[in-house]
Each structure stands twice: as C-alpha cells, then as structure tokens.
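Look for chain A in each of the two complexes below; its partner is chain B in the first and chain C in the second.
Moving on, here comes the complex of A and B:
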C-alpha cells in the first residue's frame, strides 16, 4: 500500500491549499442536515458524520441541468450552450460507498454505446478524497454488494482515521499527484499496521445486509410472484429512495420555454413516480407500486448485472433510513431470496 | 404499550375470524430503531405482528382511498380525522370500514431523538412509562417521551378518535385548544420576511413528493404537478416552480388538512411544510368556524357556499 501520513491538525491547512486549486466540496452541517456543499473555509467542514443525507451525486449528475438554451427571432434559430465552470472539483470526505457509486454511474454515462458529455466533463475534472468508515451504520450493507467501509473503488485517495492522524492511501495517479505537491511523509510499518486493525474492525462490524447468493436468479424467476404485492403494499410511491440514491440515474428531458425561447433541461426522474412509464397512448405498464418497486429492485440487482456485470447498488442504506414508511430494501430482497419453489 | 398492542390484536383477530373484514391495516415493528411500519393483515395467524408504540407515526388513512375490501384501520386521533374527511369525500364508505380507535399519547420525533445523541447511532430502543431507553455502542440514555413528541402532537386537540367502532385504550387527556401561536408569530412578520422564510424552506425541497404521497388527503388521480397536457408547473428545482407546488398544495388542502403532520414527517429535507397548512387551518377555523375531520355531518366549507360566507378578502387583498 502506498500511503502518506496527514496529521489531523494539518487537515485545515490542506483544505485551504486545495481550495486554491479546486472547487472543494465537503460535508457541511446546516439546519441539522449533513450535505455536501462547496466550502470557502476549512472551518465549515463537518467530519463527525456517518454519512451525508444526500450523496454528492449532483456534482457529476445535477438534479437540474440546462443542456442548451434556444431562441428564435425572424426565422433564425440560435442555440446557446451554457457556460461551464473551468476549475476542477475535489470532493473531500466522501464515503467509500458514494465514491464507488461514481464507478456505477460511469458504466451508464461512459459506456461503450453511449458517452454522456455533460456527465463526463464533470466526472473528468473530479477528484475524490474519501474518508473510510470507522463506524459503519447499522443500515450499511456495502459488504454485501462488493464494497466495504474502506473500499478504494472510485477514490483517488482514501483516508483512514488512526486516532490523531490519517493514513492517506494513494489509490490513483490523480491522488498521487495531489500528495506529491504537498510535503507529507510516508506511513511507517507501525502506522500501516494500525490502519489494518482499524479496517478489519470496521469490516467486521458491517451487518449481514442482503443475501446475494442466488438473488439474481430468484429475482428473475419470481417476477410474477404474489410476494411482490405483499412486500410493497405500504410503499407511498414517493421519490425519496431514488433521489437519495447515489446510483439512481434515470432522467427526463423537458423544455422550459416561453413561446419559442427557452431551455432544454435534464432533470432527475424516478421509477417510483406513476408518470415515469406513462405512455402517450394512456397505457401505463407499471400502474401500481408493486410494479414500480419491483422495477427498482430488478434494475439494481438483475438488469444492471446483465448489462454491466455488477450490481447497481453500493449499500449506503439511505433508502432504508429515509423511507417514510420504513420499507427496507434488505427485507424485500431477503424475502425474495428465501422464496421456496422458485428457482 | 403492550396492553394496547394486545387489545389491537384481540380486535383484529375477532374481526378476521368472524369474517367481518378482509383486511386490517395497522402497524408492526420496524426494521430499524425508532421506527414502526404500516402492516397489512389478512390472515388470523398474522395478527400477532400488530403492535402499538411511540413510533406509529404514519397516517394510515392514506391506505384506505378507493379500497374495495371491507377494512379495519388501527387509527389514532389524526388518522381518524382524515378518515372522516375521506368518507365525506366519497373515497371510502363508513359501511365497509371498521375503526379500531387508539386514544393517542403523541408520537415521538425520531429525528429529534437522533439529533440529541449527536451522531451516536441508536441501536436499540425500549419504552416504559413515558420514558425511552436508548442504547448504542457504549452508551445507554433515558429520555422523556413527552419532550420528543412531534410538533403536531404537541398542539393536537383530538388525540381521541372522533369516531370508532372499538376503543383499545382509556381516553387520552386533551388540550383545550390549539392556540396557533406559531402561526400568529408568522403572521406578525412583514410580507417580505414571510416570503424570505418560505423561500428558504422551499429551497431545501428536492421534489420527491413524499409530503404529497404521505398525505391522506392528497389523493388526486393526477396531481397538477404531474399533469403534462397542459403542463402547469415546471419540472425542475427552479425556485418558482417549487414554490408553486407547495403553495398550490397547501391551498388544495384548505379545510381538508387535519394537521396530522404526515407531510413533515415524510420530508427527508426538513422543509417546514406545515407552516402554510397551519395558517390555512387557523383561517378556516376563524372564517368558517370549521375544524376538519370532526364530524361526518358537517359540510366542508370549501365544498359549499352560503350567502353569509365571509368574503372581505375579495375586496381587500
């Protein structure tokens, strides 16, 4: 492991120096909510958190994004491409689950058959300094979905808290360059051993979460099972689980215009909304919560695997803690896993 | 509150056994601490899942709209007030409904309890005589239930179900009246200050529509924000569109909102949604002497017209 040592008292100085080079986004506590915001001073950063209420997904995939503006006068049509921020962005204190969600989003927006320039432009100028989870929440299930409290996927640097200092594990070239310019010493063998102990304890504390063995087959063969009605009956069909999800990426494109002048914008959409699949004919192939909730499970734990050879979930648990009716995805999936008489 | 849970089960068991209802809608233990969760019981052997505690926060009337079955609902004061309105609005009939009424002691605000622990995660909660014992990794704390009630529970004047077919607890003590001090304080601010406050609240909204979907009286088959032909409201998080959503929703609930607070409890972003609703609750009471969901016979003020209705607002905006 290539790793440097950053003393906790040096974090503020590091952030101040990073702000000269990057737009720095970090967890900030406002009105009791922890959210990622652009900081202008290291003192705004709030690091004593388990995870932010919303993932920093909007930094590469904003909830509302203007694709272009248009206007027409005297038969002449003008297209205006919105101005983009030039400065690279750095996400400080992102959790490993959220960092790996960027890798999931890359599959969709940076795929073989489709490259989303709006996403990619932001993604390429993003660098992630992750904060490993010493104390995962009881609702975390990253370990079930090939992640972990100190997983390095999607991170450029991963910080491991070993008491009075952080071990900064170098994950990518971008991360190495960031530290190279700043004078931090190498981690000693002893410090690496302390880090290993912290990591091991954290990994052991992640709950059993979701039984993944055979889950995909069960999902595929239980599509019409009546259990879906029982499992989803309490769902309110709101968009919390999808809007707070670091990997949900469905969007809609709409025009906001007055006469013939306006903007074409992209907005987050949610498969939990009845309108999501409403067709122009009036037919809705997913008319009730059963079909909609099932779709969310199928997309993440079956279709995504088919298409991209990994699950479309990073186990952050936000959909569990924030669901207004406590519809727990772990219970839903485990109930399907345990179905008998289904292949 | 184990004895209340027992009585709910007893009532549910007897209803299902005698085929008086097809379904009982109540609460069961949630999957995480500080949560109970809506539960649908159709078979006698599942009756023991039903529970009652300080976390039965959802308004179950939501699940009654346009239901065809004969259904029993485990209803606290606010659930039953919503049921009364739904009956009057022909969304469910009194005849197909059995109300297992629960005199309510108020529900506990899980987010405020969590905030008190300042980031330490609660892993276990137990409840005894007005106290909650919160346990986590290396800590155990006892807090008073009363101190952490939801704001709407603190001002609630109808903890006892206004109609029911059976009651499963002794009557709860009621407040004489809701003083609406919070609304009066808001009204006293200048228009600019009020707008600034509301704009700041709306700016937190992510348009997940959890408030609308948790609301027992928001049951329009097609909500105006979802309408696309014509499209009344923009779809983005643009401040004016978000404000239109919240303001229109509040107006649509005038005289229909029972101030159960389900909207605010559902909101993940902490938007002060009840501010507008409570202003309208207060105005409807002052202008039409009407409190929502108290009687099946009283006609809702906005579904009727009387020549002597106050209408000074038409002349003096």
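Moving on, here comes the complex of A and C:
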C-alpha cells in the first residue's frame, strides 16, 4: 500500500491549500443536516458524521442542469450551450460507498454508443478524497455489494482514521499528484498495522445486509410472483429512495421557456412516479406501486448486472434510513432470495 | 428543420404528416437512416418527443413524421404550419433489419398510426433499386374506420402495383367503404399469409399486437422471423434516462424493433 501520514491538526492547512487549486466540497452541518457544500474555510467542515443526508452526486450529475438555451427571432433559431466552470473540484470526506457510486454512474453516462459530455466533463475534473468508515451504520450494507467501509473504488485518496492522524492511502495518479506537492511523510509499518486493525474491525461491524448468492436468478424468475404485491404494499411511491440514491440516474428533459425563447433542462426523475412511464395514449406499463418498486429492484440488482456486469447499488442504506414507511430494501431482496418453488 | 408541408391524414384532424427539410445541406448528407428508426422532434418552448420516420431513406431530402395529437409537444406541433422551424435529434434506435430481410418474403401488419414506419419500410422495399432483393411483399393495414386510414393517395398507388399485395381493413365500415371490415388479427387469419421463407413485421397498438401474435404463431412464423416495433415513453433516446426499458433492454437503444424470440427472453411488461 502506498500511503502517507496526515496529522489531524494539519487537515485545516491542507484544506486551505487545496482551496487555492480546487473548488472544495466537504460535509457541512447546517440545521442539523450534514450535506456536501462548497466550503470557503476549513472551519466549516464537519467530519464527525456517519454519512451525509444526500450523496454528493449532484457535483457530477446536478439535480437540474441546462443542456442548452435557445432563442428564436424572424425564423432564425440560435442555440447556446452554457459555459461550464473550468476550475477542478475536490470532494473531501466522501464515504467509500458514495465514491464508488461515481464508477456506477460512469457505466451509464460513458456508454458504448453515447457519451454524456455534461457528466463526463465534470467527472474528469473531479478528485475524491474519501474518508473510510470507522463506524458503519446499522443500515449500511456495502459489503454485500462488493464494497466495504474502506473500499477504494472511485476514490483518488482514501483516509483511514488511526486516532490522532490519518493514513492517506494513494489510490490513483490524481491522488498521488495531490500529495506529492505537499510533502507528507510516508506511513511507517506500525502505522500501516494500526490502519489494518481499524479496517478489519470496521469491516466486521457491517451487517449481513443482502444475500447476493443466487439473487439475480431469483429476481429474474420471480418477476410475476405475487410476493411483489405483498412486499411493496406499504410503499407510498414518494420517490425519496431514488432522490437520495447515489446511483439513481433517471432523468426527465423539459423546456422552460417564454414563447420560443428558453432553455432545455435536464432534471432528476424517479421510476417510482406513475407519470414516469405513462404514455400519451394512456397506456402505462408500470401502473401501480408493485411494478414500480419491482422495477427499482430489478434495475439495480438484475438489469444493471446484465448491462454493466455489476450491481447498481453501493449499499449506502439511505433508502432504508429515510423511507417514511420503513420499507427496507434488504428485507425485500432477502424475501425474494428465500422464495421457494421459484427457480 | 423547416416544415415544408403539413398534410392532414385523418378525418378527425388528429393525425398529420409533417415534411421537414434540412436548413443546412451538410446535415442532410449526414442524416442517414434505416426504416424503423426514430428521431426526437423538438418544438421550441414545448419540448421534444420521439417519432418514427414515416419517410423512406430512398426518398431523398426531407423527412416525414406522422404525428397523432395527444400531448403537449404533439399539440404544439399540430398548431404549427409550413415555414415553422423545429429541431430534430436523431436518427435513434436500431430500425428494421433490412439486410436480414433480403432474399425473403416480407409481410407487414400495421394498425392505426403505428403504420407510419411500416409505410417507410414498404416504400424502401418497393424502391426500384431494392425491389429485386426481396421476395413477395404483403401489407395488411387496418384502422378503426375508413376516415382514419393514413396516406390515402399513396395507398391508391400501391393498390395498382402488381409487386405488392395490399390488404386494407377497418374495424367499422361505412356505406362508401368497399373493402374489408374486421380487426387486424381476424383479417390476418383470413388472408393467412404463408410463413415459408418469410419475415413478418408488426407495428401497431399493443392490443392489436397482443391478438395478432397468436395468429402469426398459428400460421407458422418462427419467433426469430417475427419482428415487432415497440413504443414506450422515452426522453433521452440514448439509454440513459431510464424509462423505456423492458428488462435489461432499452427500447430507444436496443429497439424499437425486436424479434419475438428476443422479447420472449424478457419480462412481459410492455402491454400495460
């Protein structure tokens, strides 16, 4: 492992120096909520958190985004693509699950046939300094979905808290370059051993989560099983699970305009809403909660595997902690896994 | 693109065909498409919506889209006249596998305004340069009533051709209607097109497809030679916005044309 040592008292200085080079986003506590915000001083950063209410997904995939503006006069149409910020951005303190969600989103937006340049440009100029989870929440299930509290996927640097200092594990070239200029010392064998102990303890504390063995086959063969009705009966279709999900990528495209002058805007959408698939003819292939909830499970745990050879979930557990009716994705999937009589 | 011409297709004024011509000649050269592909048509200030090209790439120049007035964008489009400017993003989707159809007979079964891309395919097959590459061409096309049949002038020309078997039907006829009366599945059964060395291509409302498929099966068409063009609500057309999937396949990207063999592998979620 290539790793450097950053003493906790040096974090503020590091952040101040990073702010000269990057737009720095970090967890900030406001009105009791921890959210990723752009900081202008290291003192704003709040690191005593388990995870932010919302993932920092909007930094590469904003909730609303102008694709282009247009104006029309005398039969001439002008189209203007908005100018995008040049300064690179750094996400400090992102959790490993959320960091790996960028890798999931890359699969969608960096497609074989089509590239989403809006997303990819932002992604390219983003650097992630993630903070491993010493104390995972009871709702975390990253270990079930090929992650872990100290997983490095999607991170450029991973910080491991070993008491009065952090081990900064170098994951990518971008991460290496960031530390190179700043002259931190190498981690000693003893420090690396302490880090390994912390990592091991955290990994052991992540709950059993979702039984992934054979889950995809069960999902595929239980599509028409009546259990979906029972499992989803209490869902309100509020969509909070999708809006807080770091990997949900569905969007709508709308025009905001006065007459023929305006903007075409991309805006997050949710597969949990009935209008999502309602056709102009009145036909809706997913008319009730059952079909919509099933779609969310199938998309993440079956279709995503078919298309991109990985699950579309990072196990952050936000859909569990924030669900107003306490509908737990782990229980839903495990119930399907345990179905008998289905292939 | 500039709206060159608007044709009212149906007596209820609800379906119109828009001929769109490229404002830039370079775009015309780079817009190459296959029958069955679609494009997102934009009305500034209202949004965009997907429509299959109703024109065949063998007819040079302008594109045609047949649009039923149903929602915000289609209503805005219906309110536009020749000379208006609209945006077109495409071509999108896979289109009909015209290379695979070569050397085979082709039976097309269409209903309602879902007939638009079959019209494109028919014109493609009938094109002088292409006609020799295909066997017998049969078109079965139905509408709810005679006044709702599209492309009436073209249908008359097709009826006079000897290299095309055209069967028109309506669910409910009127005194002037000389042709068949009956829904598409029943008429297909009566006509009973042969399935040997033949592809069948179906496009229409889900209810028509649903009842036509058993007839097709009975006639001996293999699932990999039964092709369907499907419709789903879509936005991006690029496989990203997440709403038009059937299982792991996106109608916008992997479709809209699927073989029945492919659909049999997927969850049966598209009939609603």
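To be clear about the criterion, the second predicted complex is superposed on the first by the 343 of 343 C-alpha atoms of A that agree within 3 Å, B and C clash if a C-alpha of one lies under 4 Å from a C-alpha of the other, contacts with A are read in each partner's own complex, and residues count from 1 in each chain.
Here is the rule we go by: a residue touches a chain if its C-beta (ideal position, glycine included) is under 8 Å from a C-beta of that chain, and two chains touch if they have at least 3 such contacts.
Only a predicted model underlies this, so the values are computations on that prediction, with no experimental measurement involved.
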{"item": "Clash or fit (per the criteria above) of chain B with chain C on chain A", "value": "fit"}
{"item": "Contacts of A:273 with chain B and chain C, given as first, second, both or neither", "value": "first"}
{"item": "First (chain B), second (chain C), both or neither touched by A:322", "value": "first"}
{"item": "Touched partner set for A:252, first chain B, second chain C, both or neither", "value": "both"}
{"item": "Chain B versus chain C as contact partner of A:138, first or second or both or neither", "value": "first"}
{"item": "Touched partner set for A:331, first chain B, second chain C, both or neither", "value": "first"}
{"item": "Superposition-derived angle with apex at the Cα centre of chain A and sides reaching chain B and chain C, degrees in steps of 10", "value": "90"}
{"item": "Which of chain B and chain C A:239 touches, first, second, both or neither", "value": "first"}
{"item": "Which of chain B and chain C A:310 touches, first, second, both or neither", "value": "neither"}
{"item": "Which of chain B and chain C A:174 touches, first, second, both or neither", "value": "neither"}
{"item": "Touched partner set for A:107, first chain B, second chain C, both or neither", "value": "neither"}
{"item": "Gap in Å between nearest CA atoms once chain C and chain B share a frame through chain A", "value": "5"}
{"item": "Common interface positions of chain A, toward chain B and toward chain C", "value": "252, 254"}
{"item": "Residues of chain C defined as touching chain A within the complex", "value": "42, 44-49, 70-71, 74, 83, 85, 87, 205-206, 231-233, 235-236, 238-245, 247-248, 253, 267-272"}
{"item": "Residues of chain A defined as touching chain B within the complex", "value": "31-33, 48-50, 53-54, 63-64, 135, 137-139, 230, 233-234, 236-240, 242-244, 252, 254, 256, 265, 267, 270, 273-275, 320-322, 324-328, 330-331"}
{"item": "Complex contacts: residues of chain B adjacent to chain A", "value": "30-32, 35-40, 58, 62-63, 111, 115, 119, 121, 123, 137, 204, 206-210, 212-214, 226, 228, 234-238, 265-266, 268-270"}
{"item": "Chain A to chain C touching residues, read off their complex", "value": "70, 72, 75, 77, 108-109, 111, 113-114, 116, 223-224, 249-255, 257-262, 264, 269, 271, 276-281, 283-287, 291, 298-299, 302-304, 306-307"}
